[in-house]
Each structure stands twice: as structure tokens, then as C-alpha cells.
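Labels run A, B, C, D, E and F following the written order; every chain starts at residue 1.
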Amino acid sequence: MPYVNIKITKEGATSAQKAELIKGVTELLSKVLGKNPATTVVVIDEVENDNWGIGGETVTIRRQQGQ
Amino acid sequence: MPYVNIKITKEGATSAQKAELIKGVTELLSKVLGKNPATTVVVIDEVENDNWGIGGETVTIRRQQGQ
Amino acid sequence: MPYVNIKITKEGATSAQKAELIKGVTELLSKVLGKNPATTVVVIDEVENDNWGIGGETVTIRRQQGQ
Amino acid sequence: MPYVNIKITKEGATSAQKAELIKGVTELLSKVLGKNPATTVVVIDEVENDNWGIGGETVTIRRQQGQ
Amino acid sequence: MPYVNIKITKEGATSAQKAELIKGVTELLSKVLGKNPATTVVVIDEVENDNWGIGGETVTIRRQQGQ
Amino acid sequence: MPYVNIKITKEGATSAQKAELIKGVTELLSKVLGKNPATTVVVIDEVENDNWGIGGETVTIRRQQGQ
């Protein structure tokens, strides 16, 4: 019954990678807390670099600076 | 003053259906808890099938399997 | 499979009222979009008045002013 | 270490405006609570007018009515 | 830089179990997408059974029914 | 009409500090994007140190290590 929301920048995660994240986090919740995988919901949000900030700057700016 | 976030898979909900969800949930909060509709905010997120997981699988895979 | 998050101020909603919200929003998603009630998840967050702001003020201040 | 999520309607915010929001909210958390800007994360979600409701109506409808 | 929010019912997860969830999901994002663990943020919300609904019912009711 | 969610660790933010955050972020959205303060909603979540992870560790552990 858990609900997990994963937010990452939109920088080319593939369908296979997203499927692997969903499988992995569902298994983790089953292993650690005994949660039922059948009702575990995972939602991935991919966010544009302009819309993600860290250290007071957008990721767009940081990528231009090579970070 | 309530805030409601509805997440659904992006599978063709129409503008009219989304307007009906917004109206319905606003009325529900007014009826059950006496919340003021004027300041009730509802945000609907439509999520790609690749980005939604349940039972450890993406909805993309489940739809291919006829689920 | 939808996920709904309802945020309200913590001002005495009863267990019965919260159960009614959960039932109502689950039925709404079934009626409007044909979503399966069995996998519809609803989470209610009750937020302290000090932690909710509208119009640039906390609800604590607004309640003191009779709003 | 704070995490901030800002949701606005998708009505033309520019990259410069979004960068200014990220800078401003990061500085605010540093000034008011002494939070470390280096690990402050800000995510901006821009939501379609059809998917945002207030007063029981979508923003699409409200904009047509001149609100 | 990812942000992960895990919501579970408040039914006795220990500090050690929560630390294991945080470690596990941070490693998963590093392994699958190469994300930097140093800036990966994980927030766990523990939700009262009265405030969590599935299948149109609160978890409180479901637990009474042995589900 | 914007909605802002601020998540911080629960480490003693006062009512006055939370009111200052709410006022500041509401003014920022008005100044940068011309958003109406009257319908700007801000919700602050204070999260236990055991439930917040960064760098794969809980804040509880980091505080013990003097971080």
C-alpha cells in the first residue's frame, strides 16, 4: 500500500531504467517493511532542468558550468 | 482552503472529465467538512504509463499484458 | 490506480468525516474516469494552523482575526 | 537541506523568472532558518490550465470569463 | 540531486528500518541512473490509518476486518 | 493561485519564523510572476530527523556525527 514519488531531472532516463527503479523500490519496501508489492504505487516525475534548483541555481545553469 | 492533488495515468482524460473531477472534489470537501469552495485548490497530474508503477511493473507493461 | 492527496488544516475532522472523504473521492474517480476503486489510494494530510499560509498569513493569525 | 515544491499554472513563466524564484526561495530559507543553500532543492511544476481548479472550476474556464 | 518521497502507514517502522529504506533507495538511484548519493534527498511520511484510504475505505476499517 | 510546499526537518522552527517564510514566499511569487497573494497557498511540513535522508543517511545519524 505504500506510495513512492521519485523526482529526477529530465535528462534521458530510458523506459528500461524507469522500470528498474519501479521494480527496485517496490522490492525494497517488501524486503524492509513487508509491504505488499501488489498495492505499492510508484510515480516518477521527470523535471525540466530550468525547473529544478539546487544551491540557488537552476540545473540549466549548473550544466553550462560543467557541474 | 484545502489543497487536493489527483494523480492519474495519462490515458485520454478529456477537459470535460477533468472539470467534473475538480467540481466534484470541491463539492465533496464543502459538503463533508464545510470547506469554502472559493479557496479550494485542485491540481491534476497526468503521468505517462512508463512513469507509473504498480505491483513492481510499469503501466506500459501491464497494458501490453491486457491488465 | 489513481493517487489522491488531500491537505486540510488540522481543525477537528473526525474519523467518520475522513472515511466519507475517502469513499467520496474514490467513487468520483470511478464514476468520472472509470478508475478501479480497489487500487485507488487516498492520503489525507492534516496540517497545523501555524504551518498553513494563505494571503501571506498563517491560518493561526487569520483565525485570531475571525477569518 | 530543505525541499521546496512550487506549483504554478503554465502561462509563460520565463527561464529567467524561474531562476529568480529558485534564487529567492533559497535565500529566504537561509535568512529565516539558517538553512544551507548548497543542499536546498527547489522544484517548479507548471500545470496546464485544464488541470488546475479553484472555486470548483478549471483555470481554463476562469480565463474565458476574464478572471 | 533526486528527491524521493515515501509514504507508508504509521504502523511501527523502526529507526533502523527507515535508515535502511533511505540507504536502499539512494543506492538504487546511484546504480540505475548514476545519481550522486551526496545530494539525493529522501523524505518518509508516516500516515495515520484513519488518513489512508484504499478501495474506498480507511486502513483503520480494513485492519478491523483482518485485511 | 500558486501552491507552495516547503519541507524542513523538525528542529525548532518557531511560529514567527514559519509566518516569515509564508509571507516571504508569497511576496516573491507576487513580485516575480505577478501572482495574486490572496489565493497563494503555502504549506510547511516539518519532518522528523529519522524520516529525512541525505547522502544515504538519516539526519539523526548526521547530527550525531556533528554534520
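FYI, a residue touches a chain if its C-beta (ideal position, glycine included) is under 8 Å from a C-beta of that chain, and two chains touch if they have at least 3 such contacts.
As the structure is a computational prediction, the values presented were derived from the model and not from experiment.
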From the listed C-E, B-C or A-D, the one duplicating D-F with over half its contact pairs the same is B-C
Geometric centre distance via CA averages, chain D-chain B, whole Å: 20
How far is the middle of chain A from the middle of chain C, if each middle is the mean of its Cα atoms, in Å? 25
Please set out, as single numbers or ranges, the residues of chain A touching at least two other chains. 1, 3, 7, 39, 41, 43, 45, 52, 54
Quick check of your reading of the touch definition: is the inter-chain graph here a line, ring, star, complete or other? other
Which two-chain combinations qualify as touching? A-B, A-C, A-D, A-E, B-C, B-D, B-F, C-E, C-F, D-E, D-F, E-F
Contact footprint of chain E on chain D as seen in their complex: 1, 3, 39, 41, 43
Under the touch definition given earlier, write down the residues of chain A that touch chain E in their complex. 1-9, 13, 17, 20-21, 24-25, 28-29, 32-33, 35, 39, 52, 54, 59
Report the residues of chain E in contact with chain C in the complex, numbered from low to high. 7, 45, 47, 50-58, 60-61
Contact set on chain A toward chain B in their complex: 15, 18-19, 22-23, 26-27, 37-46
